[in-house]
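Please find one structure pasted underneath; my questions will follow.
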Amino acid sequence: MTGRGHRLDLQAAPFLHTTLSTPRLMVEVILCTLPVLAAATWFFGVVALLVVAAATAGAVFAEWALATRAPRGNTLRDGSGVLTGLLVGLTLPPAIPLWMAALGGFVAIALGKQLFGGLGQNLFNPALVGRAFLQAAFPGALTTWGAPRGFLDVPASTFALPFLHGGLDGMSTATPLALHKFEHTTTGLWALFSGDVAGSLGETSALVLLLVGLWLGLRRAFDWRIPVAILVATALLGGALHLLDPVRNPGPLFLLTSGGLLFGAVFMATDPVSSPTTPRGALAFGAGIGALVVVIRDYGGLPEGVMYAILLMNAATPLLERVSQPRPFGRRRAA
Amino acid sequence: MKLPFTLRSFAHGVHPHDHKQGTEHLATEHMPFVSRYVLPLAQGGKPAVPVVGRGEGVRRGQRIAAADGFVSTDLHSPVDGQVLGFDRHRHPSGELVPCVELQADPFSAQEVSAHATVDPDGLDGDAFVAHVQRGGIVGLGGAAFPAHVKYKTPAGRVVEHFVLNGCECEPYLTCDHRTMVERAADVLRGARIVAGQLGAKDVHIGVEHNKPDAVAALRANVRPGEAITITPLQVKYPQGAEKMLIEALFGVEVPAGKLPLDVGCVVNNVGTMVALADWFDRGVPLIERVVTVSGPGVRRPANVRVPLGTSVRELLAHCGGTLPETCEMVMGGPMMGSALASIDVPVLKGTSGVLAFTAAETARGSEYGCLKCGRCLDACANFLNPSVLARLARAGEMKTLEANFVMDCMECGACSFACPSNIPIVQLIRVAKSAIRDERRKEAGKS
Amino acid sequence: MGDVLMAGAIMAGLGVLLGAMLAFAYRFLRVPEDPRTARVEQLLPGTNCGGCGEPGCRAFAEALTAGARQPSGCTVAGPEAVAAIAAFLGVDAGALDRKVARLHCAGGKAQAVQIAAYDGFESCRGAHVTGGGGKGCSWGCLGLADCQRVCDFGAITMNDNGLPVVDVDKCTACGDCVVACPRDLFELLPLRQPLLVQCRVPLAGEAARQLCTAACDACGRCVQDAPEGLLRMVDNLPVVDYASAVDAGPAPTFRCPTGAIQFVAKAQFAKQEVRA
Amino acid sequence: MNAPSSPAEAARLHAEFVKGLWRENPVFVQVLGMCPTLAVTNSAINALAMGAATTAVLACSSLLVSLLGRFIPAQVRISTYVIVIATFVTVVDFVLQAILPDVHKELGAFLALIVVNCLILGRQEAFASKNPPLAAVLDALGMGLGFLFALLCLGATREVLGNGSLFGIDLFGPAFEPWVVMVLPPGGFLMLGLILLLFSWRLQRRAAAAAEEKR
Amino acid sequence: MSDFELPPEPGSTRLVATLTVAGLLAGLLLASTYALTLPAIEANAAAALQRAVFQVVPGTTAMRKLVLTGGRFVPADGSEAKDAVAVYAAYGDGGRFLGYAIPGQGPGFQDTIKLLFGYDPQRELVVGMQVLDSRETPGLGDKIFKDPAFAREFAALAVRPEAVVVKHGTGTLPNQVDGITGATISSKAVVRIVNERCAGLLDKLPAAAEVPPAPKEESR
Amino acid sequence: MKELVWIFLGALVVNNFTLSYFLGLCPFFGVSGKLQTAFRLGLATTFVMVITAIAAWALNTFVLVQFPYLRLLSFIVVIASAVQFVEMVVKKASPALFAALGIFLPLITTNCAILGLALFQTSRGYGLLQGIVFALGAGGGFTLALALMASLREEAKLSDVPALARGTAFNLLLAGILAMAFMGFAGLGSS
């Protein structure tokens, strides 16, 4: 009688679904990395494209090689692997050898994602696992910031053969944070804002990052509480410490616009998988990142701490989730 | 006219497309009589006990089974005809359950043999409750909970508000909408009867603001000075869930595990009022109801007044049949209804809609890992954490599930609707709840 | 040399002091407890490495005596020690009246009618709560392996006919599958009585046979052929009195028209079985 | 220690010795003594020294415990073993300090921590106290060498990747970019995790092959 | 293990006795080992120290340990407190006083850095530095002892008022140390340890004239 | 005061006993399956560490000045006995406290984090107060690492960790990532 002489399907309610899907969400964020990539290319030349491409290739390769047996969803198709690769690439310094970038992408997916069972199951931000591995493995290469050069001028180290460094030292500059920490010179705000400073590919232009972040927030691609909490916590704690010791501790505006803070707040702390789902958890998560960033930058050995702050808060996420579960309807007042 | 977002509502929830334009303007039509009717004995509460024998002749409206205990209702024959038997037949839930099977009398004019009409004002509380029970009246909002049970208020409890649920927040469904437009007077008549009996101070009718004609029709029937308020509400799912409705109307949360009565409310569906008016004023028990037949797979969508026990197959045939691409039939709304394994199942007292879907709507995108994006949290009007519940359910962590209040879930489906990863969250939750109830039952059996 | 003697003296002194302290504590502060725990603790290595996941050997010993853990959970103890503990606790004892999990259904893919196609995640209970999973018989096995997934001992595998095969040797009668099955089809039954009714349908005759070729149609022949009292008909189904010591042999199964009652010595179903 | 009296006895003793090397390898299979395993394996030479020191302590303690085991009341069993082990560890510590001061400096506190290595205490309890001296010593040597082998595997891989050298000998020349993480704490965890992963991958392959053969 | 009875509870005396005997034997064994290995160990330590001193004060052929007692440095005679501050006077050919080798320690990037540096009071210059112990990052921080160029920075370093670290390649003044690129923190830590030690001790060191004469034998 | 703060922070995060010094790994991997148990083990360890710090200080100051070669032996014996004694006292005095924390005590005594604490304290020449602060930091750091690890593992139990990696390999790799994250604290307070 159904017209087709075969059996009816039996599915579970609801029979209607939102039009948003995970691959679409990923594509949206991928598109939002493009302005950042464009800015990186503007400031650092084609080498930016090469590095990001290498990292993405490493990530996609790992996804292809390891995800075949993942139980749910084809992670190659959903675009999250590409996004992870892009983000790894954007967090690397311009002069990094391409083989390292590719290795970073690979480690991000292999150790950061597939080890946990694939999309949505990872406990740490995969891109940052990849980068943290690189930073621990090749601290020299990851803290060497090539001096500005021509658009098509690619540093010798870029094409270093695997396992070789290809002469990384040589011409190097320092990031605004390192300049402040080790040389006590403060970079001008306009340079920080526009992005014309040394640093990782994607992190330099505060302007582009703010615009992209605003767009993603308005599109509800991420939980707005996380970036807002990060920025507020950084500004408050940073400001307070700055008042205590203005020479050693930089001011809040500098803290907000320098280093990877905005990039991390827009793209990486907001990775939904490794951040809390609960509203209160998200606020605490962001505030924790902000506080850790300030502590590491002001008192730590490293000039920059965004990556470590996010990873540490990733580790604390299950605990945060646990204590911030929403009170169900009708249970809010009485226990 | 207020702007939509300034209207009252509850927190969280989702906005599915309402798909009502196909039937909302269609006047209710009558389903012609067919030859065979199947009525499950359990239709709201405990199964009723047959009071007629195999082969016995019955009249339309005659009692055929009597309530068994308090949380149970009488069952009446929807037709003039003959009792074929009491075997098991397939229920919309897929199970084979004991039913009364009737053969319609092809020569009968099918006039209702009405019972005596009763003036409700002349009844005291218990007599009123007993009379409602005798009318076989259950809630027509979906759960088919015996109406009289709600009217028996424990001593010391005061009912402040009698609330009518005219939200009809489920997409596609328009049966309540048509009922409010076409039978506004009966809706209000029912409300006055119940409110009077309960001693409620006032009556509130919540209607989603996408039904302006229903609001107008109801308002037109309110007598001046009467404490009956019709409140347009935001269009948001699940606005019709009684706890959300109470929150929207009064800003009060019904405590978890408690009843509306605990905050001084009794809630009924608008259709239930019409059934009450029919029973008291015309002596007609609950033997038919309005069903919306809709969905992309139906050739002629309609609102149909259907005698209970009519098979879905006949109802669909009345609506021109289904398209060849139809691959899924749903009883109830698209958010909370359930898929039918077979269309050879009867229309029940609780059947508000029959929807036919084609592959285009039912093809589910592939499932992805939970992104922990929190969209399900923002959807859940119960303020649960559906993503956690789903993951725990998948892992079978029953103890943790209970600690996370899985039993508070009303299975509204908003979370599954909102999930970009296509995770069958409600189904997982339903599985967990079923397992927990089972375990509790087995545990209780042991000791 | 003086140093050497002094060192010996210090250590000896420490030994005396601490030994005395512990002896004192042992005598006056000890809290009595299950002597079996103490014995098991002695049988354990006492390295307190935590490798077992318990907070130390004592806690593991308590878990062992409480039956919550298996002796092999200790990563340090050799096989002899494990065997000794197992023997001491009698973990393997009492094979006499052994029970195993049995399924009251034989309606696999090849026997039972499917009226609709379940389209959801693989779970019996998931199908059960979704319009009954489309199986014509709403009492029968759904074949989606909930039981297999909960069995910690790997005793259950699904055969090609979609029915769970219980490995009688691996089944410890823990009862997890009994709880897991949404249709309550598993029961722990004594191995010594192999008569088993493999159907739960309360229908009789044609109505039952329409749903499933393996259904019990309540013809009653098995009850007639069994010794008095061993079988009785309840709700259109024969019920075996497992408390009875009568050994009827396979005779009651011979005239069953559908094979709903079976004499199962070992596994109920073959691993690769599709009977038409 | 008497020579084995029969071929069967000899075979048994041989088995006692071999099992620790591979089948019951204390690190890869039993996952015991993780702290020294990870802490000192940032170079092959340290791994070797730690392995050797542990083996020496293990063998001496096993011998003594096997000889004296029967005389020790159960209640002070563990305490006595600990005293025995601690004594030998201190002896090894002094001897190393006297003859190989550089290695001693590298191993640092971890040499002393042999005392609490679960492997050693575990062998005393699980084996030495219940077996004759010869078997006990062979078991100890087998386990010790298995431990040494595992440490060496880890130490060598970590040193080669992390420093571009093996036993301090530069392997790849100055153009090599060492993977510093390997000689840092995370590298220890990651490398051992990776090795264990390889182990279970091999086991799985072998099981799959066996299943294939059965068919 | 055939009987599952609990063994009889031994008397407390037996427990005490077992532990006592074990403790006694262990003490004896250890004391003997100590006595046997002590000379070698001390010789090793002394040799290592001597090598270090000889390196940080170039040209040294003999040394003498001085300890701070009562605000003054006096030759060590074994009676001083264990934790007394010590420096080493270094002598060249013919017992000529060359300078002091001063140990120092302080926090580095990862963990405590222990080092020894040579100081020539006549020229008021640091003349050498050697890192004895550190856990700095291989490849970065470990350049403080692996990079000969960094060690050379200490060959003639002015420490009054104090030495400072500058960016690599920009050091020109006598009190400037070229930092190691990528290991500024470790470089700074080394210089800070040296500075702190100098600030605390230089005034207390005996002037060149008052230095006790070189020991008779080669060392000690 | 400032020095004490840095001793505390140093032991807590910068040179975390577990993630940077590789001490106490057996319980770190063995008892991090459940958050609640892990947390309690952490607290009990901290408690034992404080006892250890006091005992080690006493031994160092009063007994071992002339007999350095007895250090290891006397540390281990004294710590073990002291803890055992405390265990029995707690068990007698407060069964509830014992059930919560005491059952972990035997596991902790033969653990290298404890002995390591005593040895580090000795080699760094900490006094009594410094030693206690050091013990509190080290114990807190151990608790922190253990609690994080346990909550991560509980979460991972709900994930599809590949069968190949499940178990020790996964735990090691997880600890590796955690250790990388803790590298962010490197040099804290040194600049």
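Order as written gives the chain letters A, B, C, D, E and F; numbering starts at 1 within each chain.
Simple rule for what comes next: a contact is a pair of C-beta atoms (placed from the backbone, for glycine too) under 8 Å apart; a residue touches a chain by one contact, two chains touch by 3 or more.
Note that the structure is predicted; figures quoted are calculated from it, not measured.
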item	value
Separation of subunit E from subunit B in steps, with touching chains one step apart	2
If a chain touches subunit C and subunit F alike, it appears here	A, B, D, E
Furthest chain, CA centroid comparison against subunit F	B
Longest centre-to-centre distance from subunit E, chain (CA-based)	B
Intercentroid distance (Cα basis), subunit C paired with subunit B, Å	42
Intercentroid distance (Cα basis), subunit F paired with subunit A, Å	33
Whole-Å gap between the CA centroids of subunit D and subunit F	23
Overlap residues in subunit F, where contacts from two or more other chains coincide	26, 67, 69-70, 73, 77, 81, 110-111, 165, 170, 173, 176-177, 180, 183, 186-187, 189-191
Sites on subunit C at which at least two other chains make contact	3, 6-7, 10-11, 14-15, 18-19, 22, 26, 42, 47, 49, 51, 80, 115-116, 119-120, 126, 129-131, 133-134
Sites on subunit E at which at least two other chains make contact	7, 15, 18-19, 22-23, 26-27, 30-31, 33-34, 109, 137, 139-140, 185
In contact (per the touch rule at the top): chain pairs	A-B, A-C, A-D, A-E, A-F, B-C, B-F, C-D, C-E, C-F, D-E, D-F, E-F
Subunit F-facing residues of subunit B, complex	391-392, 394-395, 397
Residues of subunit E defined as touching subunit C within the complex	1, 4, 6-7, 12, 15-28, 30-32, 34-35
Subunit D - residues contacting subunit E, complex	71-76, 79-80, 83-84, 86-87, 90-91, 94-95, 97-99, 101, 105, 162-163, 178, 180, 183-184
Touching residues (chain side subunit C, partner subunit D) in the complex	19, 22, 26, 42, 45-47, 49, 51, 75-78, 80-81
In the complex with subunit F, residue positions of subunit E that touch it	23, 26-27, 30-31, 33-34, 82-83, 107-112, 137, 185, 188-189
